[in-house]
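Each chain gets a letter, A, B, C and D, in the order it is written, and its residues are counted from 1.
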């Protein structure tokens, strides 16, 4: 880990705590929830209302979607950002959204609170440098093929450009196992914490790709020491334009939140 | 999962509970602990005493060791079994040991309570058929390259020979990540439970290969719904003949047991 | 590679050449062909006749089959060995067959010329030790999850018991790619040759699992420096009891042999 | 492969042949060679002279380098492009260089003949769309974690924007094997050719990461049906600023070219 400097505990930096409109990531458990993609104002507002009610701390939703096929729904773009902004105000929820292009970084910052770098762009170094220059926290997903050392080096790209606010997010790596969409690598949570001072959260939705596994893996993530969760919730998952099989209903999310909060309070 | 018959919940079998000298696996949390290998009577007795004191339910220890190199310590064989038998009586701890050869199955049964099939022998079908014929529970480790469906088919080999008492054990799969020895796939725990009625335990020692990660991953395993843990403990890990870096000291194990028991009681 | 002693070029051993009834493996290109499993006398004799006619050097055929499910065809056992022996005499083809159980090693030797250790048993160390004690060459397949160093250590197990005649066989490793059954790792061929003096052959049938890819990968294997090929051929693949999609027809094998022989003669 | 439309043979498109200043990729074997990175005018000119003399068809060299660490040499940028342009004229070699940022696509086109999308950016969809809009062929490397279907979908992103000239390049995938830098998946070459009409070349330098394996894997690639090779050559590899262990000397490259050309002519 010799190249890891600013992101390393050896830099002397204390555990990084990132404040986003009063939500303090790294200090207490933070749950970010929302749909895979912003599909319409109605869909987002209904979902945002539900996750707020269940106790989510932040809202997620993709306006620009990195889809395997060019013929799949690519997201609503600017229109999606405006819908996110509306939900942000209406429900007093800080908003996280993915940025795909270095040209979009600056103007997207006007609409959202946290910029997400997705797994496919983890080593898009131009994009990393660009988000390193802005004044917004960055949620950096681990690439599906990436070693811990490479992931921390990507954080280092952002930190070395001047932005100290990086939230790491484990979202499953690619293996031979096909029952789950990816293989959630929870060992990386305590592993990151012994090397780095950055907060690390877990996305069991993309990792498992199965509704039935999201709650147990959320609980496991908390027990492993994660600083938070990123959970896909849709007010009607069966009508979702992407990731149908891994979005929770509001009721499922409510149940998850109750168990997660209880476990977390017992572990303190 | 069409080939999974006897091991499947669809068989109508209720959750399997396996009783080993009063320890009921599948009913309440079971912790199996002990050294990687039986190295001497002194080493095993000291370690057995420590794990008993800390509250372990069963004792593990290898008498036949499947080592990568033919020039590494291969285990004490029969002498090791006799030492295990002694510790078993002295500390009233049921004993688990690995069997490597179909010729050894019958006579090893006279010394131990549970036969372990190691990851490298998961698809040693001759051995599976042989342990399917005896009257001892089998702890079946997942191969480091094996899909859940293949693992359950290996359980099916044992069940179809007449032995219904199979304990599945996740011990990490092989991926590109090198920080940990293997990648612990905790999602497999709730995944197995939605397909099969067999109990499933977790071995964080082999999975992580790092002392510092064993406690957090033990807690995560419990939170994910595991029925038990398999933990390597050595009274002096620094002098171990194998797996030095992943065996806990008695003190570390004591601390792990306390946190694990507390978490488990809070989750009920 | 510090543990690799007898299998290493550093041992001072010249390139190992293994003679089997006049076939010299390691000296010139050797092609081993035949069905996945011996299914009947008629099937084996018809297939053996075809591969002999096309120029195969040796005959393969499984009498004991390591199948994922206990409910799949497990091979004809002794009856299959007797059929192999008959074909061996009739067509003057040395025979390779897989051995699954350490108890069977000695008596199987009476029927065949080369013992095969399959991928799933690569680290079945009891079996390796047993085939290390007999006077027959061993074809050692690489495990689907195994590093070169581990594979060579398995050869070391055999060599250190006194049997110097080990033929290594690359048959594809397990990765995330699903288009092919496994991922054929041809780089291992020149890699093995820079570390070890043992001959190495390639099995493109199991590696690709697709008839259409077997010829190009056979040619690639020769170009990479392989000492031979292991090719699945069935006189009627559509009626095969296992591995239907990867067995060549006699005509396809004839065509493969012609191109392979031509490429090999051009490369000398 | 249902999403693959324009890149599919089922589209009715004949095998794509891409002409770059007289070099016809997809028609006859094309070898692209040059250093990992442009380091200085002297280094590039000396290397270009050597690869031209040995018979390379095109020159490669990175001006923008995607490095794991932000503290490693990041390339000469515009200065590097100007050096490439000079070598291009001096030695009449079309030039391939990597583009990392969607903002750079247009102006880089003024200096080079082929734009490369690196493995880490394979699913940088913004960049793919951008290179889909320009009038230069694109060399699209396979991501180290990517399935064939995902790779072809990335080609589809480029084709669907209007640019029909995509050259696919296999460069090794990430597996558990550590002897080689990556695992070269040569089966993908005939596999791509049965699904798509696009040309596919092979990069054995990044795949193996070892000078000793580059020639055998180049020969194997030709035998597997590859349309060309991408080979790293440096006039003094021991002084290279990146990828020291996988760049050939001019003499090694000369020898490789001779054997490759001979094999190719024998295979026609």
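FYI, a contact is a pair of C-beta atoms (placed from the backbone, for glycine too) under 8 Å apart; a residue touches a chain by one contact, two chains touch by 3 or more.
A quick note: this is a predicted structure, and the numbers were derived from the prediction, not measured.
Enquirer: Do the two copies subunit A and subunit B share over half of their interface residue numbers, or under half; same or different?
Expert: Over half of the interface numbering overlaps between copies: same.
Enquirer: What's the farthest chain from subunit C if centres are computed as the mean of the Cα atoms?
Expert: Looking at centroid distances, A is the chain farthest away.
Enquirer: Between subunit B and subunit C, what distance separates the C-alpha centroids? Give it in angstrom.
Expert: 34
Enquirer: So what's the Cα centroid distance for subunit A and subunit B, whole Å?
Expert: 35
Enquirer: At what distance in angstrom does the C-alpha mean of subunit D lie from that of subunit B?
Expert: Comparing mean C-alpha positions, subunit D is 48 Å from subunit B.
Enquirer: For subunit D, jot down the residues that touch at least 2 other chains.
Expert: 145, 149, 174-176, 178
Enquirer: Which subunit A residues qualify as touching subunit D in the complex?
Expert: Result: residues 3, 5, 66-72, 100-103, 120-121, 123-127, 129, 143-145, 149-150, 153, 156-157, 160, 174 of subunit A touch subunit D.
Enquirer: How about subunit D: which of its residues touch subunit C in the complex?
Expert: My answer: residues 145, 147-149, 173, 175-180, 183-191, 194, 207-208, 210, 212-213, 216-217, 219-225, 262-263, 266-267.
Enquirer: Which residues of subunit B touch subunit D in the complex?
Expert: Result: residues 174-176, 178 of subunit B touch subunit D.
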